[in-house]
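As structure tokens, here come the structures.
Note that chain A is present in both complexes that follow, paired respectively with chain B and with chain C.
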Partner chain A sequence: MTGAVQYAVDLRMPGMLVARALRSHLPHARVLSIDTTRAREVPGAVILTRDDLAGTRSRFGPVFKDQPVVAIDKVRFVGDLVAVVAAEDLDSADEAISLIEVEYEALPAVFDPREALLPSAPILHDPADFVDGSGTADTIQPGVEGFEGFPDGNLCCSAHFESGDTAKGFAGADRIFEDTYSCDPIQHAHLEPHAALAYWEGPGSLVIHCSTQDPWVVRSELAYIFKVEPSAVRVIVPSVGGGYGGKLYPRIEPVVAALARKARRPVQWVLTREEVFMTLTRHGASVRLKTGVTRDGRLIARQVEVVYDGGAYAEISPRVVVQNAPVAAGPYRIPHVSVDCHAVYTNKPPAGAFRGFGVPQIVWAYESQMDDMAHALGVDPVELRRKNLYQEGDAYLTGERLDGVGVEQCLSAVAAAIPPIARSGVREGQPRQRLVRGRGLACSIKSTMTPSNSVASVRLDPDGSLQVLASGVEIGQGYTTILAQVAADALGVSLERVRVLKPDTDVTPFDHGTKSSRLTFTVGEAVRRATIDIRGQLLDMAADKLEVARDDLVIEHDQIRVRGTNVVLGIPDAFKARFGLPVGNLYGDAVVQTTGGLAHGTYRGKDSAFWMWSAAAVEVEVDTQTGKWRLVRIASAVDVGRAINPVQCHLQNEGAATMGIGAALMEGLVHDGGQPLNSSFVSYPVPSMEDVPQDFQSVLVEAPHPDGPYGAKGVGESGLLAVAPAIGNALADALPGVRLRNLPMRPADVFAALSGAATQPGEAPR
Partner chain B sequence: MRRFELAQPATVGEACAILAADPSARPIAGGTALLILIKLGLVRPGLLVSLRKLHPPAGITWTPAEGARIAAQCTLQEVVDSPIVREHYPILARACEVVANIRIRNAATIGGNLAHVDPQSDPPPALLALEARIEISGVTSTRTSPLADFLRGAYETDLRPGEIVTGILLPPPPAGSRSTYLKFTSRSSEDRPLASLATVVRVSEGVCQDVRIAVGAAAAVPKRMRGAEEKLRGRPLEQPLVAEVADLVAADIEPIEDLNGDQRYKRAVIRSLVLRALDPAESEGTPST
Partner chain C sequence: MITITTQVNGVPRQLSVRPNQLLLEVLRDDLNLRGAVEGCGVGVCGSCTVLLDRKPISSCLMLAANVDGREITTIEGLGSGETLDPVQQAFLDHQAFQCGYCTPGMIMAVKGLLYRNPRATVDEIADYLSGNVCRCGTYLEVMRAARAVIAAQVETTG
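Presenting the complex of A and B:
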């Protein structure tokens, strides 16, 4: 009634304890001893250390089981969990934490992924730790994805993709461009911190309420860790206050469950903001990009090397690497492509899924280079892109046919929304104005996790209300509304009749996770099919009662009507006609399994159930005295296939683009010797409303996809991908000779580049 | 969050007595700064003394002879909205208006802002340029101190045990003066300033009769730029003098290097702010950024 929503942080249970953690202050160290003698004297304190992991599989992870529930032999980054304490209140838990004595032996640490690959680098993980198994089928499918093997030293995983013959391609190129681009790691900054509340209903039966985007993976991983049947683990997910990938895969759930097991009481743990910063990041990355192009502007060869900084644990890095190798060459028809993607262990917080899943770092590289090439060739940046973009029905690098290709429409829309800056006369030799403007644009491609699986179960009650059971998570993206719209439309009842249940693995069916912009496409389609099934059952009941053919019936305004007449039957009456009383239910179920996957080794097949296409254009104003820049206007166009809820599509687009602005201007985690320097909101601001221009045009392009419900595709990530390079290109347009190649582009960085450009003899003519 | 006791005295004398009796106690007004420090574990007071319920309540008064008195408990937003401040001290209204966001401005007090001495804060340099004096009350007596003396260093004041800030006294501004407050942020617009500049300039008969320049945020404490003021006084406000003054101000500041920029960068920013504030052609625009 108040509109208030319950999150995992709001939950309370009788007898519930609350938790605090002791974390490593060293980036890499052997844990020699943990003495809890004095901490145990704090009344009510229950302490969990490596000594309490007996009877469990002590390591977990969605691909490699390299992440200990709490530190076992070593700590691997500043913030790694050493011990956790549950107590009656946070003060007692804090007191006990302060009394735990840990003896470390500091080890050499490595923070730069390229340095981590040198033979002299300290190794984070003992190869013997990986004998446990290479992964779970829930999250990665080794045979299908061409992924196999274990980490090799600090090289967590690699993927190689090839199409055509790059040597031949470069030999035939008129110009070759080669540059390296990089991105600092950033943090998700979801408003709600990670939170979980766990209790055991018996020795083998665990219940956990948690702020996860992926209840079924939490379930299988907890079952794995505690050696119980998956069905003995019940994962319940309340509303989640933002995710952006930061709540995919188990985070704090294993340790909360272990603590509750030891305490024999419910335990709730809510991370502090500073801890959230140590829990997961977006991969820092460096991208070497070599592109061969003909004089008339056709891209003919591209070689890409992406090195992702994976941090201390593998997390989902292997999938990031495997999923992005086939898309790293961009949304362009390039006959000769070779890609190497690597993820590397370093002594920093683990990196994992983040809106865009490793793609924004690559788009940053290829779209920055695209403008430099256009400039060098004397071609308009829009025309250079148009000449090379994929078109509807094209064959992709993997051999598959591309359906629903809206990228050129996206590009045209943003190019028209934000025209080039009109300039008169020559700029060289003129005194520089304090405020100058530039325009830039960029476009992108992203795949979605394929294959994937979603199940929906829909129940019609005799009162005409429709219950939708599915395991997608409402993380603020509007999933609940979309499912309700789909179900209401498929049955022919009003939106108010539909209720979408929250995930509860004892009740709601399987889903592959709230990730990869997949829910509308998969869960939405499953709900549509399940509801159509119910509709058929209901019409059969009504046809019997009314003694008409089923095809003569329609459902509208919550009633069944004989077409072209005033004869109607209410839904309760249809139930009464069948069951004698308004009792019973009608059930509809559907399983949607997106088909595809790439053949091991060759990477041929169907890479993506649908493709995300987007483009962004911006106009920036730069203060040449200080390097400070602001967005004058922005346009972001995303191909949504079909907008089931246009308002929500616009909001997703705007929200994603705003995250792109943050990554371009102000966000970037800084570590010094492994110590975090800006891991709190005091020193790590995120965009505020004032940082987003008033002139913000969100454009929805609709290139329908044959497999999506009503033609819809996912839209959760698209709007983020092209924003940063569009801004970089606008800065290059505003400031001749200035090209920033690292994100973020802080005013101080622009100033430094400007100072360099000003002192260069023979400033690049633009 | 650490557990603490909260005292809510009704009078200044009572508040000072509690603070004098327990040196570990901390006064709290808006709490926007102190609670962050407590949360981060940087201070761990067992007793907080709330100044929210003190009598007389917050208010801003003005007389043409004495100028203004702003009660310390006034929130930053009350300062922004005060007709007195807007008419006579527009740069103070401006400096308070650009602090963080409306939620912070509605909680943070002007007295708390000064007593906290966060190096990166907007109001102090504006108050320096306005030649503010600080009214300080103890258990039995009240004294005043020029703001420049009150600000000892980062997070450091000349408050003695048992003393609190109770008011800010502003002399009447020089008649016919023009003032500017420029805030420079390098990240979010809600961010604290990387550098800021407050100027009060009175030009008559073509020359600067009166000039005050204060730089905030770049160094540990905001600073009046006496050398630059001297250079301008009695001379026409024009190029290349303004550029020379900008160079002088930038050179006179010892910026703290941090993630937002090194000394060279921060000096460039300060130089730019001075050019904008003092260049008649530039300073007509909106005094922000």
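Presenting the complex of A and C:
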């Protein structure tokens, strides 16, 4: 607002060096030699290559330790790190980089995940390199139900889920629909690039300030890499300029720490935009979807195969496949379901967490098909969905009871907000008008990472101010405001009395990360319980002083009052009564651990601590001569359980939906022979104010969850999930016979579809 | 090195800059004005927007040497003391920010809009601000803030 907020890019330290990287220009190659002789002559240059990894574990990753700190034997994508240089200024660092000589032996490369699984494909990894230390940073480990364990060739990881008997289900279906849908990889494009500033306080003690969503996971990974105690690593998180998943798990932190270790000075590294594009992506995916339906529109069998393009390193793909295997069936009661999710290594930038965590690619498939089925069956798309949607208290595929099911309310809200286009007469066979409109909608389900753990510590000072210590990260989602509201409400003090500390692993307690829309549900609940603990302590002190029963006391307006009287005691006076002076603190702590997991072999259990439900509807206008289309209106409804802060809920909903618009309209990373072709905001535009319609209805549905604070559940991702298929369905509605099955749907793609043979809904022969 | 004379936030400055040094680097590194930030480095995201003679520019593309004799306003130059500029206040009132990284640039772009077109319509606002990306997607709120400032201004000036 005033420019005073400090991001990691703004940090400066006396004696600090700045860094630049040398990256591979080949998609797959053996690194034969790295000659730094001439680069070392640049004054002040400190160069880190594979030769400087002695004494470290050299490879990291949240599940599989397959990512080298810098390239060791091979490079696996264009942009893979080969060397980094720290110097007094960027010009010197650039000069040193230009003087490093690398000899490569180019290897055959593979870019398409399905091709990568062929026997002839070049293999990226030898799992023997990274068997050590698996599973230090995430809950997914070999042995988790449905998870196949270690990579097999380029098959990075797989998960299988089933419920019922699909063979039987399909045999009983009246109609069977089968199609393949796909999504290009996209990029988070957080405006603040990855940035970190590291220094060592002696040989065994590391401090790192970094733009991360995941301070505790970064801490454990750095401790693992550098073979130090986790408590010897201090991760401090300043304000973060956007994350959307791109700053989960370690990114540049290991290499910055290694460089600072070698330089014996503080080192800051801020990536360029081009580098950010090469650092992490949202999985490209192809989804084969087969659905059996009865004549009256009940879904009875569904078979899903999802192939995620994992890129060069596993990253968090193992949890993407495991977490999404059940929800790939969608928000519908389907008795017979079988899902296979795979992530495949390819010679492209690694794919990882991205708002929606692999679900939007699947919703794109099943909600596109839903409209095709409705069309083929001659039923209303809303009614077809309604007939099959989960209801409150239903048993989920895993056997667990579904609590807080707001999906039908979401669907009804958006369907009412954007009604179907009124049309008269027959459209088939009529000449097309230049500008046509269509309406489409979609709905979705997503689970949250379960189990997970959050700890909060709340401190009451004698002046009545409340400090909230927790390690969630404010990335713009309003986390600090929501925690402050929860704490203020739980104690009975005004919001201004509450301060939420920024994460600092030396000070703030454990948290499993700012991911999976989990902070309000877990950290929020931990803060609520911790504050109630303090409230009890404070009331005890006041009850002693006022000689009344604790139950007769209430806290309101920053003071303690005897119920029904005018007798009040200020918080400082309560401290004085206990300690003689207004000194000391009261502490409250709470640990919230969500539990879950599916039983081996049966796929039964508790899959998710809470469920995210959402729906979107849009009206589009298409220029049939150019393929250019625009959103006329959009409605996005998300089930928030309980809106603790409605303003922030709307911002999350609108922001997530805007990302969905980007994925539908314009975003897609283009590679040619592994070379990235659009690593810039010029060639990779993201939505601007002109791409988002002013007629935008954000709807908050409240189906409370028994375990969330005040019934609240997560909302960070919900608004993204259904937007792209709603747009696809609107385009199909506007253009009879046209169905786009790949994201994005750029005007050129729409034009091509209009010009080419009209694609028919894929109904399999029976 | 080149010596330039400029006004930054109303303060006359004589600065010694490298021929290839960008205005954004001078502001951030030499003058400690870190509200403007680099987002894309190619002048299309708007995060580095400052006013040059009351016109918004991408300071990541402007050579510092080219601002000789001209007037720069950054986010730090808005408001006075404890009082926020009306645009800053409107962004606060309408919760027109999420992560905040684009906010200084967005606010400076709105300032530029007010100088150029003090009665801008919704379409004109969207067009003018289309060079400022908010990846968090806070566009509806930014629009509300901009419209509120314009409405208030029209009311005062008639």
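Just so it is clear, the second predicted complex is superposed on the first by the 740 of 766 C-alpha atoms of A that agree within 3 Å, B and C clash if a C-alpha of one lies under 4 Å from a C-alpha of the other, contacts with A are read in each partner's own complex, and residues count from 1 in each chain.
Rule of thumb we're sticking to: a contact is a pair of C-beta atoms (placed from the backbone, for glycine too) under 8 Å apart; a residue touches a chain by one contact, two chains touch by 3 or more.
Not measured: the values here are computed from a predicted model.
Asks: Between chain B (first) and chain C (second), which, if any, makes contact with A:Gln694: first, second, both or neither?
Replies: Touch status of A:Gln694: second partner only.
Asks: For A:Val686, is the partner it touches chain B (first), chain C (second), both, or none of the two (neither)?
Replies: both
Asks: If you stack the two complexes on chain A, which partner ends up touching A:Ala4: first (chain B), second (chain C), both, or neither?
Replies: second
Asks: Is A:Lys628 touching the first partner chain B, the second partner chain C, both, or neither of them?
Replies: So A:Lys628 only meets chain B here.
Asks: Tell me which of chain B and chain C touches more residues of chain A.
Replies: C
Asks: Quick check on the superposed pair: does A:Val670 touch chain B, chain C, both, or neither? Answer first, second, both or neither.
Replies: A:Val670: touches chain B, not chain C.
Asks: Taking the stated contact definition, name every residue in chain A that is touched by chain B in one complex and by chain C in the other, in rising order.
Replies: 272, 680, 682, 685-688, 690
Asks: Report the residues of chain A in contact with chain C in the complex, numbered from low to high.
Replies: Touching chain C: residues 1-7, 9-10, 188-193, 239-244, 272-273, 475-478, 647-648, 651, 654-659, 680-682, 685-690, 692, 694, 696 of chain A.
Asks: Could you pull out which chain C residues touch chain A in their complex?
Replies: Per the touch definition, chain C meets chain A at residues 28, 33-42, 44-45, 47, 74-76, 78-79, 84, 88, 91-92, 95, 97-104, 107, 122, 125-127, 129-143.
Asks: For the complex, which residues does chain A have touching chain B?
Replies: Chain A reaches chain B through residues 90-91, 94, 272, 274, 434, 623, 625-628, 665-666, 670, 677-678, 680, 682-683, 685-688, 690-691, 746-748, 751-752.
Asks: Across the complex, what residues on chain B touch chain A?
Replies: Residues 1-3, 36, 39-40, 101, 184, 186-191, 259-262, 265, 268-269, 271-272, 275, 282, 289 of chain B touch chain A in their complex.
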